[in-house]
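Next come the structures, one after another.
Two complexes follow with subunit A in common, the first pairing it with subunit B and the second with subunit C.
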Partner chain A sequence: MATKRLAFVVRSLPYKTEASRLALTHAIASQSVEIYLADGDLVEASIAFIGDGVLNCHKNQAAKHYDVTTLEGHMKNTLLLDLKVLVCKEDLDRFGLTENDLLMDAEDIGGETNAQIVPFSEIAKEMESVDHLLFC
Partner chain B sequence: MGKLTIGTFSSLVGSLSLDFAVKLSQAAVNKGHKVDLWLSGNATMLSKKGQKSFKDYSSLAKTVEELIATGNFQITACEACAAARGYHKEDTMEGVKSHSMDWYLASTFDADRVLHIGGD
Partner chain C sequence: MADLKSQTPTQTLDVLGRVCPYPLVLTKKALEKLPEGGLLKILCDAPASAEDSLPRFAQDKGFPFEVVKLADSWEIYIQKP
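On to the complex of A and B.
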(Lines of atoms letter the chains of each structure in order from A and count residues from 1; the text may use other names and numbers.)
(Lines give C-alpha, C1' and ligand atoms only; values in the text may rest on other atoms or scores of the structure.)
Protein backbone atom coordinates (compact mmCIF):
# COMPACT_ATOMS: atom_id res chain seq x y z
CA MET A 1 0.00 0.00 0.00
CA ALA A 2 1.40 3.35 -0.99
CA THR A 3 0.29 6.81 -1.97
CA LYS A 4 2.01 8.92 -4.61
CA ARG A 5 1.40 12.63 -4.43
CA LEU A 6 1.27 14.84 -7.51
CA ALA A 7 1.03 18.62 -7.70
CA PHE A 8 -0.30 20.36 -10.78
CA VAL A 9 1.16 23.87 -10.98
CA VAL A 10 -0.92 26.07 -13.25
CA ARG A 11 0.73 29.11 -14.83
CA SER A 12 -1.43 29.34 -17.95
CA LEU A 13 -4.12 31.90 -18.62
CA PRO A 14 -7.71 30.63 -18.66
CA TYR A 15 -9.30 29.99 -22.08
CA LYS A 16 -6.24 31.15 -24.06
CA THR A 17 -5.10 27.54 -24.28
CA GLU A 18 -6.48 24.27 -22.99
CA ALA A 19 -3.67 23.82 -20.46
CA SER A 20 -5.36 25.02 -17.27
CA ARG A 21 -8.56 23.12 -18.08
CA LEU A 22 -6.53 19.96 -18.65
CA ALA A 23 -4.68 20.52 -15.37
CA LEU A 24 -8.01 20.62 -13.53
CA THR A 25 -9.48 17.62 -15.34
CA HIS A 26 -6.31 15.57 -14.84
CA ALA A 27 -6.28 16.45 -11.14
CA ILE A 28 -9.94 15.41 -10.87
CA ALA A 29 -9.05 12.12 -12.63
CA SER A 30 -6.99 11.19 -9.56
CA GLN A 31 -10.32 10.15 -8.03
CA SER A 32 -10.67 7.15 -10.35
CA VAL A 33 -7.04 6.10 -10.70
CA GLU A 34 -7.44 3.06 -8.40
CA ILE A 35 -8.89 1.00 -11.26
CA TYR A 36 -5.35 0.77 -12.67
CA LEU A 37 -3.54 0.19 -9.35
CA ALA A 38 -3.18 -2.59 -6.79
CA ASP A 39 -5.54 -2.57 -3.81
CA GLY A 40 -4.63 0.14 -1.34
CA ASP A 41 -2.41 2.10 -3.72
CA LEU A 42 -3.43 5.68 -4.40
CA VAL A 43 -2.48 8.76 -6.35
CA GLU A 44 -3.35 12.07 -4.70
CA ALA A 45 -3.35 15.34 -6.61
CA SER A 46 -3.20 18.92 -5.45
CA ILE A 47 -3.35 22.00 -7.65
CA ALA A 48 -1.61 25.34 -7.26
CA PHE A 49 -2.25 28.50 -9.27
CA ILE A 50 0.67 30.87 -9.72
CA GLY A 51 1.57 33.75 -12.04
CA ASP A 52 -1.04 34.35 -14.74
CA GLY A 53 -2.62 31.07 -13.64
CA VAL A 54 -4.36 32.78 -10.70
CA LEU A 55 -6.79 34.30 -13.22
CA ASN A 56 -8.30 30.83 -13.65
CA CYS A 57 -9.79 31.22 -10.17
CA HIS A 58 -11.86 34.30 -10.97
CA LYS A 59 -15.54 33.83 -10.14
CA ASN A 60 -18.53 34.66 -12.35
CA GLN A 61 -16.85 33.40 -15.51
CA ALA A 62 -19.07 33.66 -18.59
CA ALA A 63 -17.78 30.94 -20.88
CA LYS A 64 -21.22 30.82 -22.51
CA HIS A 65 -19.67 33.01 -25.19
CA TYR A 66 -17.61 29.98 -26.22
CA ASP A 67 -20.36 27.47 -25.41
CA VAL A 68 -18.05 25.45 -23.16
CA THR A 69 -18.09 24.61 -19.48
CA THR A 70 -16.36 27.16 -17.27
CA LEU A 71 -13.11 26.64 -15.43
CA GLU A 72 -15.04 27.87 -12.42
CA GLY A 73 -17.18 24.73 -12.71
CA HIS A 74 -14.08 22.54 -12.78
CA MET A 75 -12.71 24.44 -9.78
CA LYS A 76 -15.93 23.68 -7.90
CA ASN A 77 -15.64 19.98 -8.75
CA THR A 78 -12.06 20.00 -7.52
CA LEU A 79 -13.15 21.46 -4.18
CA LEU A 80 -16.14 19.11 -4.00
CA LEU A 81 -13.67 16.22 -4.23
CA ASP A 82 -11.61 17.72 -1.38
CA LEU A 83 -8.51 18.28 -3.49
CA LYS A 84 -6.10 20.84 -2.09
CA VAL A 85 -6.31 24.08 -4.11
CA LEU A 86 -3.69 26.75 -3.45
CA VAL A 87 -3.66 30.23 -4.97
CA CYS A 88 -0.58 32.43 -4.81
CA LYS A 89 -1.20 35.58 -2.77
CA GLU A 90 1.64 37.62 -4.29
CA ASP A 91 0.33 37.01 -7.80
CA LEU A 92 -3.22 37.93 -6.77
CA ASP A 93 -1.83 41.17 -5.34
CA ARG A 94 -0.08 41.82 -8.64
CA PHE A 95 -3.45 41.71 -10.42
CA GLY A 96 -5.23 43.65 -7.66
CA LEU A 97 -7.42 40.63 -6.91
CA THR A 98 -8.72 39.67 -3.48
CA GLU A 99 -10.54 36.69 -2.03
CA ASN A 100 -13.82 38.40 -2.94
CA ASP A 101 -12.96 38.12 -6.63
CA LEU A 102 -12.26 34.39 -6.52
CA LEU A 103 -14.15 31.13 -6.49
CA MET A 104 -13.20 29.97 -3.00
CA ASP A 105 -15.69 27.20 -2.22
CA ALA A 106 -18.22 24.80 -3.65
CA GLU A 107 -20.81 25.08 -0.90
CA ASP A 108 -23.67 25.39 -3.40
CA ILE A 109 -22.98 21.85 -4.65
CA GLY A 110 -22.18 20.39 -1.22
CA GLY A 111 -18.43 20.96 -1.09
CA GLU A 112 -16.74 21.30 2.28
CA THR A 113 -13.22 22.22 1.19
CA ASN A 114 -12.14 25.78 0.44
CA ALA A 115 -9.44 27.10 -1.84
CA GLN A 116 -6.53 28.60 0.11
CA ILE A 117 -4.82 31.88 -0.69
CA VAL A 118 -1.26 31.41 0.47
CA PRO A 119 2.13 33.07 0.03
CA PHE A 120 4.36 31.51 -2.62
CA SER A 121 6.53 30.08 0.15
CA GLU A 122 3.62 27.77 1.06
CA ILE A 123 3.25 26.67 -2.55
CA ALA A 124 7.00 26.00 -2.65
CA LYS A 125 6.61 23.79 0.43
CA GLU A 126 3.82 21.87 -1.29
CA MET A 127 5.99 21.48 -4.38
CA GLU A 128 8.85 20.13 -2.27
CA SER A 129 6.59 17.68 -0.43
CA VAL A 130 5.10 15.87 -3.44
CA ASP A 131 6.56 13.04 -5.50
CA HIS A 132 6.02 14.60 -8.91
CA LEU A 133 5.36 18.11 -10.22
CA LEU A 134 3.32 18.74 -13.35
CA PHE A 135 3.55 22.27 -14.77
CA CYS A 136 0.70 23.40 -16.97
CA MET B 1 16.54 0.15 -15.39
CA GLY B 2 13.95 2.80 -14.69
CA LYS B 3 10.58 3.93 -15.86
CA LEU B 4 9.92 7.38 -17.26
CA THR B 5 6.39 8.76 -17.65
CA ILE B 6 6.03 11.72 -19.98
CA GLY B 7 2.81 13.66 -20.44
CA THR B 8 2.36 16.34 -23.03
CA PHE B 9 -0.33 18.71 -24.29
CA SER B 10 1.77 20.03 -27.19
CA SER B 11 0.66 19.68 -30.79
CA LEU B 12 2.28 17.76 -33.60
CA VAL B 13 4.18 19.94 -36.11
CA GLY B 14 2.90 23.17 -34.53
CA SER B 15 5.16 22.75 -31.53
CA LEU B 16 8.58 21.15 -31.18
CA SER B 17 7.80 20.24 -27.58
CA LEU B 18 6.19 17.03 -28.81
CA ASP B 19 9.34 16.28 -30.83
CA PHE B 20 11.35 16.76 -27.65
CA ALA B 21 9.09 14.32 -25.78
CA VAL B 22 9.49 11.66 -28.48
CA LYS B 23 13.27 12.18 -28.81
CA LEU B 24 13.64 11.94 -25.04
CA SER B 25 11.55 8.76 -25.07
CA GLN B 26 13.82 7.36 -27.77
CA ALA B 27 16.96 8.21 -25.80
CA ALA B 28 15.54 6.61 -22.67
CA VAL B 29 14.41 3.44 -24.47
CA ASN B 30 17.80 3.15 -26.19
CA LYS B 31 19.39 3.18 -22.74
CA GLY B 32 17.15 0.31 -21.66
CA HIS B 33 14.52 2.26 -19.75
CA LYS B 34 10.77 1.89 -20.10
CA VAL B 35 8.72 4.90 -21.18
CA ASP B 36 5.01 5.70 -20.97
CA LEU B 37 4.07 8.64 -23.19
CA TRP B 38 0.70 10.26 -22.51
CA LEU B 39 -0.85 12.44 -25.21
CA SER B 40 -3.50 14.88 -24.10
CA GLY B 41 -5.06 17.96 -25.68
CA ASN B 42 -3.47 18.86 -29.02
CA ALA B 43 -0.81 16.18 -28.51
CA THR B 44 -3.39 13.53 -29.44
CA MET B 45 -2.64 14.57 -33.02
CA LEU B 46 0.40 12.29 -32.80
CA SER B 47 -1.91 9.27 -32.49
CA LYS B 48 -3.44 9.89 -35.92
CA LYS B 49 -2.52 7.36 -38.58
CA GLY B 50 -1.59 8.35 -42.12
CA GLN B 51 0.86 11.10 -41.20
CA LYS B 52 2.93 12.11 -44.21
CA SER B 53 6.54 13.15 -43.89
CA PHE B 54 7.63 16.43 -45.46
CA LYS B 55 11.07 17.95 -45.15
CA ASP B 56 9.63 21.25 -43.96
CA TYR B 57 7.82 19.66 -41.03
CA SER B 58 9.01 17.50 -38.20
CA SER B 59 7.84 13.92 -38.56
CA LEU B 60 7.44 11.57 -35.63
CA ALA B 61 5.28 8.67 -36.83
CA LYS B 62 8.17 6.44 -37.94
CA THR B 63 10.05 6.99 -34.67
CA VAL B 64 6.91 6.20 -32.70
CA GLU B 65 6.38 2.97 -34.66
CA GLU B 66 9.97 1.94 -34.01
CA LEU B 67 9.61 2.73 -30.32
CA ILE B 68 6.40 0.71 -30.03
CA ALA B 69 8.19 -2.24 -31.64
CA THR B 70 10.81 -2.28 -28.86
CA GLY B 71 8.18 -3.35 -26.32
CA ASN B 72 9.55 -0.82 -23.85
CA PHE B 73 7.41 2.08 -24.98
CA GLN B 74 3.71 2.63 -24.38
CA ILE B 75 1.98 5.52 -26.06
CA THR B 76 -1.55 6.40 -25.01
CA ALA B 77 -3.87 9.12 -26.18
CA CYS B 78 -6.57 10.73 -24.07
CA GLU B 79 -9.74 9.29 -25.56
CA ALA B 80 -11.90 12.37 -24.94
CA CYS B 81 -9.26 14.80 -26.26
CA ALA B 82 -8.88 12.66 -29.40
CA ALA B 83 -12.59 12.17 -29.98
CA ALA B 84 -13.19 15.92 -29.55
CA ARG B 85 -10.77 16.44 -32.43
CA GLY B 86 -12.41 13.78 -34.61
CA TYR B 87 -9.76 11.09 -34.08
CA HIS B 88 -11.50 7.80 -33.43
CA LYS B 89 -10.31 4.19 -33.12
CA GLU B 90 -10.26 3.71 -36.89
CA ASP B 91 -8.08 6.82 -37.26
CA THR B 92 -5.49 5.72 -34.72
CA MET B 93 -1.99 4.52 -35.50
CA GLU B 94 -1.45 0.83 -34.75
CA GLY B 95 -0.07 0.25 -31.28
CA VAL B 96 -1.30 3.53 -29.83
CA LYS B 97 -3.65 2.98 -26.90
CA SER B 98 -6.60 5.09 -25.84
CA HIS B 99 -7.60 5.70 -22.24
CA SER B 100 -9.07 8.32 -19.93
CA MET B 101 -6.89 10.69 -17.91
CA ASP B 102 -6.68 8.41 -14.88
CA TRP B 103 -4.44 6.07 -16.92
CA TYR B 104 -1.79 8.78 -16.98
CA LEU B 105 -1.98 9.40 -13.25
CA ALA B 106 -1.76 5.65 -12.65
CA SER B 107 1.36 5.52 -14.81
CA THR B 108 3.02 8.10 -12.56
CA PHE B 109 2.51 5.79 -9.58
CA ASP B 110 5.48 3.53 -10.31
CA ALA B 111 7.45 5.95 -12.48
CA ASP B 112 10.96 6.83 -11.38
CA ARG B 113 10.64 10.19 -13.09
CA VAL B 114 7.68 12.16 -14.49
CA LEU B 115 8.09 14.89 -17.07
CA HIS B 116 5.00 16.90 -17.87
CA ILE B 117 4.98 19.33 -20.78
CA GLY B 118 1.78 21.17 -20.14
CA GLY B 119 1.55 23.69 -22.94
CA ASP B 120 1.91 24.28 -26.65
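On to the complex of A and C.
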Protein backbone atom coordinates (compact mmCIF):
# COMPACT_ATOMS: atom_id res chain seq x y z
CA MET A 1 0.00 0.00 0.00
CA ALA A 2 1.43 3.35 -1.02
CA THR A 3 0.23 6.92 -1.18
CA LYS A 4 1.32 9.16 -4.03
CA ARG A 5 1.14 12.84 -3.21
CA LEU A 6 0.52 15.38 -5.96
CA ALA A 7 0.64 19.16 -5.81
CA PHE A 8 -0.85 21.38 -8.49
CA VAL A 9 0.73 24.82 -8.48
CA VAL A 10 -1.50 27.34 -10.23
CA ARG A 11 0.28 30.41 -11.58
CA SER A 12 -2.10 31.27 -14.44
CA LEU A 13 -4.78 33.91 -14.55
CA PRO A 14 -8.40 32.77 -14.31
CA TYR A 15 -9.00 33.98 -17.87
CA LYS A 16 -7.22 33.73 -21.25
CA THR A 17 -6.25 30.16 -20.38
CA GLU A 18 -7.87 26.98 -19.16
CA ALA A 19 -4.83 26.07 -17.06
CA SER A 20 -6.30 26.80 -13.64
CA ARG A 21 -9.57 25.06 -14.48
CA LEU A 22 -7.66 22.00 -15.67
CA ALA A 23 -5.54 21.98 -12.52
CA LEU A 24 -8.65 21.91 -10.34
CA THR A 25 -10.33 19.32 -12.55
CA HIS A 26 -7.33 17.02 -12.44
CA ALA A 27 -6.88 17.45 -8.70
CA ILE A 28 -10.52 16.51 -8.19
CA ALA A 29 -10.34 13.60 -10.64
CA SER A 30 -7.21 12.27 -8.95
CA GLN A 31 -9.33 11.41 -5.94
CA SER A 32 -11.15 8.69 -7.84
CA VAL A 33 -8.28 6.82 -9.48
CA GLU A 34 -7.60 4.55 -6.52
CA ILE A 35 -10.17 2.09 -7.85
CA TYR A 36 -7.81 1.43 -10.77
CA LEU A 37 -4.64 1.15 -8.64
CA ALA A 38 -3.15 -1.78 -6.78
CA ASP A 39 -4.80 -2.79 -3.51
CA GLY A 40 -4.73 0.03 -1.02
CA ASP A 41 -2.80 2.52 -3.11
CA LEU A 42 -4.02 6.09 -2.68
CA VAL A 43 -3.51 9.48 -4.29
CA GLU A 44 -3.51 12.71 -2.27
CA ALA A 45 -3.64 16.06 -4.01
CA SER A 46 -3.08 19.60 -2.88
CA ILE A 47 -3.45 22.85 -4.81
CA ALA A 48 -1.38 25.97 -4.31
CA PHE A 49 -2.17 29.35 -5.87
CA ILE A 50 0.83 31.59 -6.34
CA GLY A 51 1.70 34.66 -8.42
CA ASP A 52 -1.12 35.70 -10.77
CA GLY A 53 -2.78 32.40 -9.86
CA VAL A 54 -4.11 33.86 -6.59
CA LEU A 55 -6.66 35.77 -8.69
CA ASN A 56 -8.42 32.45 -9.32
CA CYS A 57 -9.53 32.54 -5.69
CA HIS A 58 -11.32 35.88 -6.01
CA LYS A 59 -15.02 35.53 -5.27
CA ASN A 60 -17.75 37.05 -7.42
CA GLN A 61 -15.66 36.80 -10.57
CA ALA A 62 -17.29 38.44 -13.58
CA ALA A 63 -16.29 35.54 -15.79
CA LYS A 64 -18.98 36.11 -18.42
CA HIS A 65 -17.25 39.32 -19.51
CA TYR A 66 -14.34 37.18 -20.66
CA ASP A 67 -16.50 34.54 -22.36
CA VAL A 68 -15.52 31.90 -19.82
CA THR A 69 -17.45 30.14 -17.11
CA THR A 70 -16.72 30.98 -13.51
CA LEU A 71 -14.23 28.91 -11.54
CA GLU A 72 -16.32 29.26 -8.42
CA GLY A 73 -17.93 25.83 -8.83
CA HIS A 74 -14.55 24.15 -9.29
CA MET A 75 -13.13 25.93 -6.27
CA LYS A 76 -16.06 24.91 -4.08
CA ASN A 77 -15.95 21.31 -5.26
CA THR A 78 -12.26 21.19 -4.44
CA LEU A 79 -13.02 22.23 -0.87
CA LEU A 80 -16.03 19.93 -0.73
CA LEU A 81 -13.68 17.01 -1.38
CA ASP A 82 -11.36 18.14 1.44
CA LEU A 83 -8.41 18.86 -0.83
CA LYS A 84 -5.75 21.07 0.70
CA VAL A 85 -5.93 24.52 -0.92
CA LEU A 86 -3.11 26.95 -0.18
CA VAL A 87 -3.07 30.60 -1.28
CA CYS A 88 0.15 32.62 -1.19
CA LYS A 89 -0.10 35.52 1.28
CA GLU A 90 2.69 37.57 -0.28
CA ASP A 91 1.01 37.48 -3.69
CA LEU A 92 -2.35 38.41 -2.20
CA ASP A 93 -0.67 41.39 -0.55
CA ARG A 94 0.82 42.35 -3.93
CA PHE A 95 -2.70 42.59 -5.38
CA GLY A 96 -4.10 44.26 -2.25
CA LEU A 97 -6.40 41.29 -1.62
CA THR A 98 -7.47 39.99 1.77
CA GLU A 99 -9.32 36.91 2.97
CA ASN A 100 -12.60 38.82 2.61
CA ASP A 101 -12.04 39.05 -1.16
CA LEU A 102 -11.55 35.30 -1.59
CA LEU A 103 -13.68 32.23 -1.88
CA MET A 104 -12.44 30.45 1.23
CA ASP A 105 -15.08 27.81 1.94
CA ALA A 106 -17.83 25.69 0.43
CA GLU A 107 -20.17 25.61 3.40
CA ASP A 108 -23.21 26.25 1.18
CA ILE A 109 -22.71 22.87 -0.54
CA GLY A 110 -21.68 20.96 2.57
CA GLY A 111 -17.94 21.55 2.46
CA GLU A 112 -16.04 21.32 5.74
CA THR A 113 -12.58 22.38 4.60
CA ASN A 114 -11.39 25.95 4.15
CA ALA A 115 -8.73 27.35 1.86
CA GLN A 116 -5.65 28.50 3.76
CA ILE A 117 -3.74 31.74 3.24
CA VAL A 118 -0.12 30.91 3.99
CA PRO A 119 3.32 32.46 3.44
CA PHE A 120 5.16 31.20 0.37
CA SER A 121 7.62 29.36 2.62
CA GLU A 122 4.81 26.99 3.59
CA ILE A 123 3.88 26.42 -0.05
CA ALA A 124 7.54 25.71 -0.79
CA LYS A 125 7.57 23.08 1.96
CA GLU A 126 4.47 21.48 0.44
CA MET A 127 6.12 21.48 -2.98
CA GLU A 128 9.22 19.79 -1.58
CA SER A 129 7.25 17.13 0.24
CA VAL A 130 5.17 15.76 -2.65
CA ASP A 131 6.00 13.01 -5.14
CA HIS A 132 4.82 14.88 -8.22
CA LEU A 133 4.62 18.58 -8.83
CA LEU A 134 2.51 19.98 -11.64
CA PHE A 135 2.72 23.64 -12.65
CA CYS A 136 -0.35 25.05 -14.36
CA MET B 1 -24.68 -10.06 -2.97
CA ALA B 2 -26.13 -9.11 0.40
CA ASP B 3 -29.78 -8.15 0.77
CA LEU B 4 -29.15 -4.60 1.84
CA LYS B 5 -32.01 -2.71 0.22
CA SER B 6 -34.53 -4.10 2.67
CA GLN B 7 -32.58 -2.64 5.58
CA THR B 8 -32.95 0.88 6.95
CA PRO B 9 -29.96 2.94 5.83
CA THR B 10 -27.88 4.76 8.41
CA GLN B 11 -27.42 7.63 5.96
CA THR B 12 -28.65 8.57 2.50
CA LEU B 13 -26.30 10.37 0.15
CA ASP B 14 -27.97 12.21 -2.72
CA VAL B 15 -25.60 12.71 -5.65
CA LEU B 16 -28.32 13.05 -8.26
CA GLY B 17 -27.15 15.42 -10.98
CA ARG B 18 -23.49 14.90 -10.17
CA VAL B 19 -21.19 13.07 -12.54
CA CYS B 20 -17.91 11.22 -12.13
CA PRO B 21 -15.82 11.58 -10.00
CA TYR B 22 -18.12 13.27 -7.47
CA PRO B 23 -20.40 10.32 -6.66
CA LEU B 24 -17.39 8.16 -5.84
CA VAL B 25 -15.44 10.76 -3.90
CA LEU B 26 -18.45 11.92 -1.90
CA THR B 27 -19.30 8.28 -1.19
CA LYS B 28 -15.78 7.67 0.12
CA LYS B 29 -16.11 10.74 2.33
CA ALA B 30 -19.51 9.62 3.66
CA LEU B 31 -18.25 6.11 4.36
CA GLU B 32 -15.29 7.45 6.33
CA LYS B 33 -17.73 9.11 8.73
CA LEU B 34 -20.20 6.23 8.86
CA PRO B 35 -19.96 4.04 11.99
CA GLU B 36 -18.84 0.44 11.57
CA GLY B 37 -21.77 -1.68 10.45
CA GLY B 38 -23.55 1.39 9.05
CA LEU B 39 -25.41 1.23 5.76
CA LEU B 40 -25.05 3.99 3.19
CA LYS B 41 -27.75 4.47 0.56
CA ILE B 42 -26.60 6.44 -2.48
CA LEU B 43 -29.00 8.04 -4.94
CA CYS B 44 -27.19 8.40 -8.25
CA ASP B 45 -28.08 9.05 -11.88
CA ALA B 46 -24.59 8.91 -13.38
CA PRO B 47 -24.30 5.58 -15.24
CA ALA B 48 -20.50 5.34 -15.08
CA SER B 49 -20.54 5.87 -11.33
CA ALA B 50 -23.52 3.66 -10.58
CA GLU B 51 -22.51 0.75 -12.78
CA ASP B 52 -18.73 0.94 -12.62
CA SER B 53 -16.84 3.09 -10.14
CA LEU B 54 -19.06 2.68 -7.07
CA PRO B 55 -19.42 -1.13 -7.35
CA ARG B 56 -15.72 -1.43 -8.16
CA PHE B 57 -14.80 0.66 -5.12
CA ALA B 58 -17.03 -1.37 -2.80
CA GLN B 59 -15.70 -4.62 -4.22
CA ASP B 60 -12.06 -3.54 -3.86
CA LYS B 61 -12.65 -2.54 -0.25
CA GLY B 62 -14.52 -5.74 0.51
CA PHE B 63 -17.64 -3.82 1.50
CA PRO B 64 -20.97 -5.62 0.93
CA PHE B 65 -22.99 -3.70 -1.66
CA GLU B 66 -26.11 -3.85 -3.75
CA VAL B 67 -27.07 -1.89 -6.86
CA VAL B 68 -30.75 -1.32 -7.64
CA LYS B 69 -31.63 0.03 -11.07
CA LEU B 70 -34.66 2.33 -11.14
CA ALA B 71 -36.31 3.93 -14.16
CA ASP B 72 -33.70 6.64 -14.70
CA SER B 73 -31.40 6.39 -11.72
CA TRP B 74 -29.85 3.94 -9.31
CA GLU B 75 -29.90 3.21 -5.60
CA ILE B 76 -26.60 1.83 -4.39
CA TYR B 77 -26.34 0.34 -0.92
CA ILE B 78 -22.91 -0.04 0.66
CA GLN B 79 -22.34 -1.44 4.13
CA LYS B 80 -19.29 -0.47 6.12
CA PRO B 81 -18.05 -3.65 7.82
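We adopt the following convention: the second predicted complex is superposed on the first by the 129 of 136 C-alpha atoms of A that agree within 3 Å, B and C clash if a C-alpha of one lies under 4 Å from a C-alpha of the other, contacts with A are read in each partner's own complex, and residues count from 1 in each chain.
In the analysis below, a contact is a pair of C-beta atoms (placed from the backbone, for glycine too) under 8 Å apart; a residue touches a chain by one contact, two chains touch by 3 or more.
Predicted model only: the values in this text are computed from it and were never measured.
Within the superposed three-chain model, A:16 lies out of touch with both subunit B and subunit C [touch as defined at top]. More residues of subunit A are touched by B (comparison of subunit B with subunit C).
Of the two partner chains placed by the overlay, only subunit C lies in contact with A:81; subunit B stays clear of it. Contact with neither subunit B nor subunit C is seen for A:125 once the two complexes are overlaid on the shared chain.
Legend: residue contacts after superposition of the two complexes on their common chain; A:39 is shown touching subunit C, with no touch to subunit B.
In the overlay built on the shared chain, the residue A:59 is in contact with neither subunit B nor subunit C. In the superposition on chain A, A:29 makes contact with both subunit B and subunit C.
In the superposed pair of complexes, A:4 makes contact with subunit B only, with no contact to subunit C. Common to the subunit B-facing and subunit C-facing surfaces of subunit A are residues 29, 31-32, 35. Residues of subunit C that touch subunit A in their complex: 20-22, 24-26, 28-29, 53, 56-57, 60. Touching subunit B in their complex are the following residues of subunit A: 2, 4, 6, 12, 17-19, 22-23, 25-26, 29-33, 35-37, 41, 43, 45, 131-136.
In the complex of the two chains, the subunit A residues touching subunit C come out as 28-29, 31-32, 34-35, 39, 77, 80-82.
Residues 7, 9, 40-42, 81, 100-109, 111, 114, 116, 118-120 of subunit B touch subunit A in their complex.
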